[in-house]
Structures are given as structure tokens and as C-alpha cells.
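Quick one: the structure is below, questions incoming.
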Amino acid sequence: MAILVDKNSKVLVQGITGGAGTFHTERMIAYGTNIVGGVTPGKGGQTVAERPVFDTVEECIEQTGADVSVIFLPAHFVKEAAIEAIRAGIRFLVVIPEHIPIHDMLYVREEAVKHGTTVIGGNTAGIITPGEANLGIMPDIAFKPGRVGTVSRSGSITYYVADTLTRTDYGQSTCVGLGGDPVLGSTFAEILLKFEEDDKTKAVVMCGEIGGVYEEKATEAISRMKTPVLAMVGGVFAPPGKRMGHAGAIVEGKMGTAKEKLEMLADAGAHACKTFKDIPETLGRLGV
Amino acid sequence: MRLYEFEGKQLFKKAGIPVAEGQLAASAEEAYDVVARLEQPVALKAQVLTGGRGKAGGIRLVDGANEARTEATELFGLTIKGFPVRKLLIEPKFSVKQEYYLGVTIDRANYKLVVIGSGEGGVDIEETAEKSPEKIVRKTFSIGEPMYTFDALAIARKIGIPQDLGKKAAAIIVSLFKLFKQYDAKLVEINPLVLTDEHELMAADSRVSLDDDAVFRHPELADLGIEKRHEEGEMTPREQQATEWGIPYLDLDGTIGMFPGGAGFGIMGNDFIHYYGGKPANFMDSGGGPKPERIAKMLVLLDENPNVKAIFGARFGGISRCDDFAKGVIMFLKDHGLSKPMVMRMTGNMWQEGVKIFEEAKEAEPELFKHIEFHGIETPIEEISKRAVELAREGGN
Amino acid sequence: MAILVDKNSKVLVQGITGGAGTFHTERMIAYGTNIVGGVTPGKGGQTVAERPVFDTVEECIEQTGADVSVIFLPAHFVKEAAIEAIRAGIRFLVVIPEHIPIHDMLYVREEAVKHGTTVIGGNTAGIITPGEANLGIMPDIAFKPGRVGTVSRSGSITYYVADTLTRTDYGQSTCVGLGGDPVLGSTFAEILLKFEEDDKTKAVVMCGEIGGVYEEKATEAISRMKTPVLAMVGGVFAPPGKRMGHAGAIVEGKMGTAKEKLEMLADAGAHACKTFKDIPETLGRLGV
Amino acid sequence: MRLYEFEGKQLFKKAGIPVAEGQLAASAEEAYDVVARLEQPVALKAQVLTGGRGKAGGIRLVDGANEARTEATELFGLTIKGFPVRKLLIEPKFSVKQEYYLGVTIDRANYKLVVIGSGEGGVDIEETAEKSPEKIVRKTFSIGEPMYTFDALAIARKIGIPQDLGKKAAAIIVSLFKLFKQYDAKLVEINPLVLTDEHELMAADSRVSLDDDAVFRHPELADLGIEKRHEEGEMTPREQQATEWGIPYLDLDGTIGMFPGGAGFGIMGNDFIHYYGGKPANFMDSGGGPKPERIAKMLVLLDENPNVKAIFGARFGGISRCDDFAKGVIMFLKDHGLSKPMVMRMTGNMWQEGVKIFEEAKEAEPELFKHIEFHGIETPIEEISKRAVELAREGGN
């Protein structure tokens, strides 16, 4: 078991014929990811990395049975590509590009909720279930199969956490990159609850950072979880970020400093960690 | 991308939202000329990309052209929260019977647009929101949902707009909401929306923040003279240099030059240095998949900073590649040379290639590498952080 | 019992300050209809026929508890007024004006379905539950309380049918004007099924006419109903109407002549009537 | 409101849908001039507001200007399904490798927009739909829902557009859908969409029907010269008169002048006359809430029709009022006078007032009323219908 992707996932790549699309498709295949095809409108009939390319997601699904998609496309194509994937029946969608217009992501999220599709990103390094599937741009070297899940807003933090878990032999069940953009396809809370339901995941490390609202919104989920949650929040020594006018303060409440976020998470029952090496120490103490 | 008040008001005017007829002045003489022509009491309003202008003395009411010159001269000497005053917006003075607040923004946690209104506008709106939440009216919308006049009429009524101005207020609210969507805004505010003694409604200030990532699809903004701009206050020369090179960079007051990969560990790495007793000299982000040239420039910024006693380098290749990273470091070493001690760790995508490039270069010109302590995945990043703090202490002696 | 409106319905009039709005408000009140207020944006605070006028439906509902609305407004205001009423929580909406843009009615219908609101019209004479409530423009003289429901696309046909039922002492439970516009807020099938659930209604007379698709779509409902349905369709001797291009034929199938419609309804179990006097004869035969 | 082919193609062109560069001719000489200038084989296409043009010989292929004059002369002599040919659209001839069908319309039963496509376009598309429904591709949309390129690509693929033209076809489909919504259409069709020997896609014909009730919000159509028009074929003089007066009216071949209230009973009343053995001389609709002047004009049309032997009048006041109705009848009696026997029934809203007006007028000038048999609610409408048939028989003797 794992969450969201495993070796049985049939993965398609949207934007497979582009430079990054082709490069990472080959990497993902080399890892053993079950890439079944790709989509680039107008390039149907071509082949990339021995995988067939289609004009539409619908056709790709018809022909290959794909159920998961990874998007490698310029940011301004993401909205339509994501909506296409969601409507065509993709159940899990990974949005790699960064700088996606915020309004576009609101449309994508609305469509995703309507169809019950899980979306991660934009600006995510992707997701990996070690030994089974690696979707996105994450470096294989950091990961090995194991029993701790991770979810992080930052790609590099994901790598460091995984690296630490690999070195200490905990390994990872699944590592999820939530994404670095201001509006994300999924929230911490949603991913945490998926880990909660996964038998293989004995603990979850969540890594947030200063700014945004998704850490605060995770507290309710954490307080309900039986699976232990370890929490890191970057930016404790960073100067406070900027506010989005009065309206931002009214809608999102107090500016979440890293310290406050960490306190809120700890109050909800998460185990706060300062540096990566606190993670195996905490896991050991918890008997994971 | 934050707009200046006068730019926001241009958009308001286009959208049919009533604003005062304002004029810009870029010097005290221009201010004199404008007020001399207008022959009426005016407000001189400093145009800066930050709030708190009023409290900082950035607004002056004057009755004549000579007074305008004097006050404008003062205003042009001001720096408000790091922003020097370069332009004034000059508007006829108006009476204020009541101030309302109107805003539209994104509720990111709930993925909705939120329209906010209050009968108590002005600078203390956040305090009102906290202390008397019942005085704040909110209405949420899905991104695809239109706002109808009846939605806006309900808001107008609830914030206490006089009944006979309800339809006018509703038109303003609908226009503000449309403007928000039309320009891919993150925030639009009218604060205050003023009810004048003449029983007219008018947007007395504007605050508009647009989504930088969506500006590409609004060429009409450039037609209005609205273009991407640097939104921070005054920059240090190094920050200016970094900005020219397109590198997100911020000077801090420590001694360790931070050369991390990725924004995420860029922030957390700074925490680590603190945890081990050091102080970073900067923030820096390489951006996704940096080319060797950019890597080299990042190092130049650090090496030339006299405050930097040691450099902390970290690269975990993801979208970025270790081979490009290694090439960039070597480019820097060859073209510029490293004068500070540096400890670094490199792993991730293409690490084998990166290590090979390093080793070959080092074999060819070992003296270039004499200040570098190089580590791979075998060394935890905490050790690297500790070592950077040690090196900085040693260098500081 | 009755359907959709009765003496307990709290009715508001949208457009109450207009000429037709005021005239018919007074008529409806004279009939005994429980009109509780009106709405005209910008005219809040005024009074019409001793009823308070509000700027928004929301406010009118807050102050009066209105749950039903009748719209008397120029056609191009109907879309927004209807959506306002539906969103504010009106459960039944009567759209009197004719010539409403078709696309507007599609928006109204979508909103109505989403909120579970029943809409009749546009271009309807309204609805009457004799002795209890008369919403719209129907002439009181034709109606009296009784046990037969009617639903018709035409106002004048409604009056003639009611007149016939009144003269023969059957009377009417409720008479519904479906409306004469090409796209209507409700279909025959939907109104028929409401009559099916009404204890007081012992039979229903439905009156269709040549053109359109709502008669054909009623057959399934009729075949499921226990309450007997009598059907008239106008235009048996009319020249066939115009087709909406090839697309119309493809989407809506064969052109429904009055004769074909009547046959389809009869096949589904409806009792076909040629002239109004066939109605009491049929009811008598059925023992209603 | 149905548009002419050339008008629809103007809209297509504005929307970016490829069409041939066509020119209009209003006379055979103009056709000669156009073809002489073009110096290439062309199609002369009769512009009429009806289908079946091709089968009626409304399209002629010609190679030169003289031939064009000859054929155009013939075309201008044609009347197609009652529509005289007044304009020709002249387009360069093109080769046809394949014909597709594309259409957007409203599925009224399901309250959706439907996009329809087929790989077998042309005049037999309805037959294809009936006999080989699998050759018809449909996709439904809610009115508020956008069509995306991927929706259109899927349609293009399913109707067999060559893969390399998929994106071009998708752009056409998306444009057609947008056009449908932008102009409040009831129907837009490209039939056929042609694939030429040069491997280009082109809309070879257009069919566009707009919603009359929404034309008011499209003033841009008037800018293109597209305005409301009478869409029936040639009218009888009486139909023309009625149209000028704004009265929906149609001549039939019977003897009973139909003077009913409301469109609903206007249609069903005709059936009643048939059931009782008579034949109506016309259809007529008073429209909602007619004023007395209009009522009077309706009667003028009937009284002056020599085929009319008797008049059947029925008024059940709803939105219309019996007092206005009575005033209109009396206006007619006084200004024009009734020369035919007439039986009528009047009841409904304001019937007391209506009856009173009648009685007072009759008392004052009884001779005006000598041909009228007047009934109220006490007489079933069937009796009135029967009586009208009797009166017509008597009058016919």
C-alpha cells in the first residue's frame, strides 16, 4: 500500500513532447514508473520514449487505461490541460509547472472537487512511492521504500527529509510535494488524511513554511489522526512576509509566522522538529 | 504586482467606479503648476507601494500653489517604509460624511473569492474586523460565478449605504468584482469609499494587487503604462545587482553567505544556521533549473560581499541538475575565483555527472578548489550547516 | 391540499411598482391571495397596495417570510430577478413576462434545478388554486374550488378548460400555466407528477399544442401515474411549423404534429379530448 | 431571426472561421461585373431564408462572366419555397474532398446546448442521423459552461477530421460555439464544412438563427447591416397589411374569419371550427393585452376579406382586458361598420366593464350591432363555434 500512486498506476504525461516532458518521462520510466502514454494536442500519433502520444486525454485513456497524469507544460496551458484531465476521468493529477495564474488554479480546484480528482501542485516536485512510481522531478537517490510518509510545500525539503529517513532506514511509504504556489491543488489536511488511511504509513512528516494558510488549516485533521505527525516549519528566523492588504488580514486572520504555525501544529498533537535529524530521533522515541 | 494609487484609480475609472479627477506631479514645480491651474484646495498624495502613508505624513492638504510647492518639496524628501516618494497624486479636496470599506480578495484556504464590506472604512478596518467582526460583511463566490446586482445591493444595505444610493453603490461593488476577475487580481480595495457632503459616493483611495503570473495575458495594462515593477523598498547595491541578474536576493546582517538550492531549503537553511549559532548574510533562491551562468553569478554576489566570512553551499538536484550546478561553480572558480572558505554538499538528479565534472576540474586545476570542502549525500546537511558556522567563526577571527 | 400554492403561501411580487405589477397585485389581493410584499431595486421603503416594497428579495424574505414570488418585469430583467429569487430561497416562482431571451431561461432553469426551486413560465398566465391564491393574470370568473387539476401551455386554453370544469361542477384543485415561450421553467412531466402526489386532485387535464417537445417528454410520467390524465393538443388542423435546421431534427427528433402528440399521449395512457366538452364527459366515464 | 448565408458568413469570418471570399450581386449585371473582375470559376448562390436551395436549382457553377449573367438572370427569376431571390452570393469555386457537418443548437427538453458533428455532411445529414445515428457525434453543455479545445479536438477526431487538421478543426468548433453564445443563437450550422483538395477546411455554407427576443442586446449586428426581417415567404396583400399593423396573421382557404384572443386558443379555435364542419379563413393572434385600436384593425382585416362569410369572435380576458376589447369592437363598428354576420363570446378579466360598455353603445346605436350575436360565460365556446359554422353556411348561400 501507499497513497495516490503505486506500481499499478497507469501514468500519462501531458506535454510529453516538450523538452522537460521528454527528459523526465525517460527518468520516470527508468525508475520503473508505469508510464503508458502521453498527450500533446496536435502531436497525436507520435512516439516518445516508446510511449504513444495522443491529441486528447480522453483518447489516451481509451487506448491505455491511464488513471493518473503528470503535467509538464508551460504555466499558461495548465488550466485547460488540468480541466481536460479531470473531466476525462483522471483520478490523480500532478501539476509540475510553477507560476500558474492564481485564478486558473481556482478553476482547476473547483473542477477537481466536482469530479473527486486529487490534484497536487502547481510548482511541485511531484510524488514518489519509492520502488514503485516516481512522478515528477524528484531525484531517485534520496528515496527508499519504507514506512514514513512525507508531505511538504518544498521540493528540496522533501529531498532532505527523505534522505534523512533513508539514511536511518525508516524509508518512505509515499512522499508528496504539495507545491510551492500560493494556491495549491491540495491542502496539507487532505494529504494527511490519506496517509491516515494507509496501512503502510506508520508516521507522517509534514514540512510547512512561513506564509500561506495551509498549515493552520491542517490542525483539525492532525488532532483527529491516529498516525503520528511530525512537523517542521521553515522560516523561523525569516523576516515576516508581506500582507495582502486589509482584506488579506480580514480573510486569513493573523499573519502566520513560522513559529506560530509550529505552535499551532504542536497544539494539535504534531511533534515539532527543528532540523532533519530530529525526525529519526522523534520516530525512535515514538517507537515507529 | 502592486499598483500605485493613481494606477488603480485609472482602472477604477475605466470600470465606471467614481474617483476624483486627479493629476500627477513628479516635482514640486509640477505640483505648483497643477495647483495653480486648479485654483481650489487640493490633497497632495505621495505615491508609494506600501500602506501606512497617511500616518507617515504622506498626504498633505493645501489651499494654494505656493503652499503646494512647499509641501510637495517636503513630500519628495520623504521615504515611507523604504519607498522614496517619486510622484504625487493631486486631487481636489472633498468633504467626508462617512467612510466605507470595500475589498475583494482570495480566500486561499477555501478556494473562493471573497467580497468584504464595512460601514467603518478607513485605516482602522483591520482593528474593526478583529474587535467587531459583526461590522464586517463578507460574501464568497466561486471563481466562475458572476456577481449580480442583487448580491451587491445586499452588501450595500448591510454596510449601511443610504437607501437612495443603494443602486449606485451596487454598481460600484459589481464593477470592483468584475475588475478583480478581469485583471487577474489578488486584491482590490476601495478604502475608504467616501460619502461626501454632496451625497455622492467616491473611491478616495485604491489598492490593487495583480497576479504577476497572469500579467502576460493583460497587454492592455501596458497600454495604460502599467508594467511589472520592483515592489520592495530601497535596495542595497547588492540587491540591485541581484535584481538585475534576475536572482531573488536579500541582504541580512550575518556573516555566512547562503548558497542554497530551491526556495524551500533557502528559507529553512537559514534557520539551520541560526540553530547552530551562526547568522546568515543573505537570502537567496536559485530559481528552478538554474543554468551554470546563474550559479556562477550567485557565487559572485557572495564572494564580493565583505560581510561574508564563509559560504554555505547546498544543492539537492530536482528540477535543477547537479551537472549544471557543478559547471556553474567551476565557471565561477575559473572566471572569478573564490576568496572565502566554502563548505558545500551536492546530491540529487545527475549527481554522478556533477561529481565527475568536479573531480575532473579539480584534477586539472586543484588550486582553484583549495577553499572548498566538498560533500555528497553521505554527509547530513546538519553537519554542513555546523561546519559553515565554524568556518565563519574562524574567518571572523 | 393543492399544488405549489395555497392560502398559506406568502407571495411577493417582483416588479410590484410597475404598471402591470401594481394592477395585478391589487387584483391578486382582491382575490384573497396572501401577498406579503414586493421588490423593486431602488424603490425600497415605498408601499404598494399597502404592501411594503424592498430593494432585494433577500430583505423581503427576511421581513415578510415570503416563499413564493411572481415576476412582473420587462423581459430583459427576468434572468437576474429570477436568479435572485431562487438564490434567496423562493421555492416557487411564477414568470409572467413573455419574450424572455432563450439563453436567459437556460440560466434560470439551471439555477432553479440547483436550488430545487419550481419555476413556471415565461409567458404564463400564472397559477391559481381556486378560493386560495391567484398568482398572475388569470380571470377569477373562470374558476372555482374543486377536484381537477389543469396544466396548459396557453392562458386562454386554461380559462376555457376551467370554465368548462366550473360549469360542470368539477371545479379545479390547481390550474398551472406552463407558459408559451419556447423554453419553459417547468415541463408538463414535472407538473403532472406534482398533481399525482396531491390528494385533492382526482384527475388532470393537460393541454398542449403543436410544436415544442414538452408534450412528448410527458409520456413517461403519464404512464407511471395513477391519477387519470386527460389530454388536448391544439393545432390538429394547423399547417406544420418550422424546423430549427438540421440540428433541430437531430436533437429533437421528428416534428411533433398535434396529431402525433395526441397519439403519443394516448399511447401512454392519457384520455384524448377534442373539444372542452369532451372533458366532463370523459371525467364522468372515469367516475371522477 | 434567420440570417442569410452571406450574413452568417460575415459572423463566421469575424469569429475566425474560414470562409470563401464572397461578393454579393443584386442583379445579373452586378453578377457579370463581379465574375469579370474575379476571372475564375465561381458559384452563384441564391440568398433565401429557407433550406433546400440546392435541390431547387438555387446554386449555379459558372466559368465566365457571360455565363454568370445568363445564370444569374435565371436565378433572379426563381422563387424558392415562396422566397423570391433578391441577392446572389458569388464565391470562387473550390474542390471538395470531404464534407463534414457541424452544428450547435438548444436541446429544449433537457435545457442544454448541443454540439453536433458528423463526418457525412451535406444535404442528407438528417437521413444520416436517422439511419446511422452512430455517425452523429453529440456533446452537450450547460449554458454557463465554456467549450475547451480538448472538447473540440475530441469531436474533430470522432467525425474523422484528418489528424493534422485536428487543431484547426477544433478552433473552428470552439469559435462556432462561442459565436452561438455571443449572439444568443438558437442555431448555428456549418453544412458542409469542406475539406478541399488543398487540404484546407472551409465553411461552405452557413445557417444561423438568432433569438428575436435577444436581438436588442446585440446592437453590433445592426452595425453589420443585420436587422430584424420578415422571415416568411411571399405574403398575400392582407398578410402584408397585417404585418404592417404588427398583427400576426395568416390567410387560410376557408370562410370563417377567426377573431380569437390569445395564441393558444387562436390555434385550438381553428381545430374547433374544423370539428364542426367549417373551415377558417385565417389564423390571427391579438398579442398580449391588445389596445382597442389593434382590436379594431383585426376586425377590419376580416370584414374586408371577401372569402369571409362569417366571423367567429372569442375573448377570455387575462392579460388582455374585456373593457379594452369591447372598446375596440365598438371603435370598429363606428369607424368601419360590420358587413358580415358575427358571433362572439366575451368573458374574463373586467368582463363586467366590457359588457357595460357594449350595452351602453348598443342602446345608443343599436343598428351598429345588428350583425352581432353576443354571448358571455354562460354559453360554452363549442356552441359559439357551431354557430359560426352555421352562419358561414347561411352566408355562403
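Letters are used for the chains, namely A, B, C and D, taken in the order the chains are written, and counting of residues starts over at 1 for each.
The rule is short, and it goes like this: a contact is a pair of C-beta atoms (placed from the backbone, for glycine too) under 8 Å apart; a residue touches a chain by one contact, two chains touch by 3 or more.
Since we're looking at a predicted model, the values are computed, not measured.
Participant: Looking at chain pairs A-D and A-B, which one is connected by more C-beta pairs in contact?
Facilitator: When the contacts at A-D and A-B are counted, A-B has more.
Participant: If you average the Cα atoms of chain A and of chain D to get two centres, how far apart are those centres in Å?
Facilitator: 57
Participant: Return the distance between the CA-based centres of chain C and chain D, expressed in whole Å.
Facilitator: Computed from C-alpha means, the inter-chain centre distance equals 26 Å.
Participant: Starting from the mean Cα coordinates of chain B and chain D, work out the distance between those two points in Å.
Facilitator: Here the centre of chain D sits 59 Å away from the centre of chain B.
Participant: Give me the residues of chain A that touch two or more other chains.
Facilitator: Within chain A, no residue touches at least two other chains.
Participant: Spell out, as numbers or ranges, the residues of chain B touching 2 or more other chains.
Facilitator: Within chain B, the residues that touch at least two other chains are 144.
Participant: Building nodes from the protein chains and edges from chain pairs that touch, which of line, ring, star, complete or other describes the result?
Facilitator: Here the contact pattern is a ring, one closed loop where every chain has two partners.
Participant: Can you name every chain pair that touches?
Facilitator: In this structure, the chains touch in these pairs: A-B, A-D, B-C, C-D.
Participant: So in the complex, which bits of chain D are touching chain A?
Facilitator: 148-150, 153-154, 157, 163, 166-167, 170
Participant: Write out the stretch or stretches of chain B touching chain A in their complex.
Facilitator: Where chain B meets chain A, its residues are 51, 101, 103-109, 111-114, 116, 125-126, 129, 136, 138, 142-144, 181, 184, 186-187, 189, 191, 207, 209, 211-214, 216-217, 260-268, 270-272, 274-275, 283, 288, 316-319, 347-349, 351, 377, 380-382, 385.
Participant: Mind listing the chain C positions that touch chain D in their complex?
Facilitator: So the residues of chain C in touch with chain D come to 27, 75-76, 96, 98-104, 106-107, 109-110, 113, 125, 137-142, 152-157, 159-160, 163-164, 167, 180, 182-183, 187, 207, 209-210, 212-214, 216-217, 232, 234-238, 244-252, 258, 274-277.
Participant: Could you pull out which chain A residues touch chain D in their complex?
Facilitator: For this pair, the touching residues of chain A are 41-42, 44-45, 55-59, 80, 83-84, 88.
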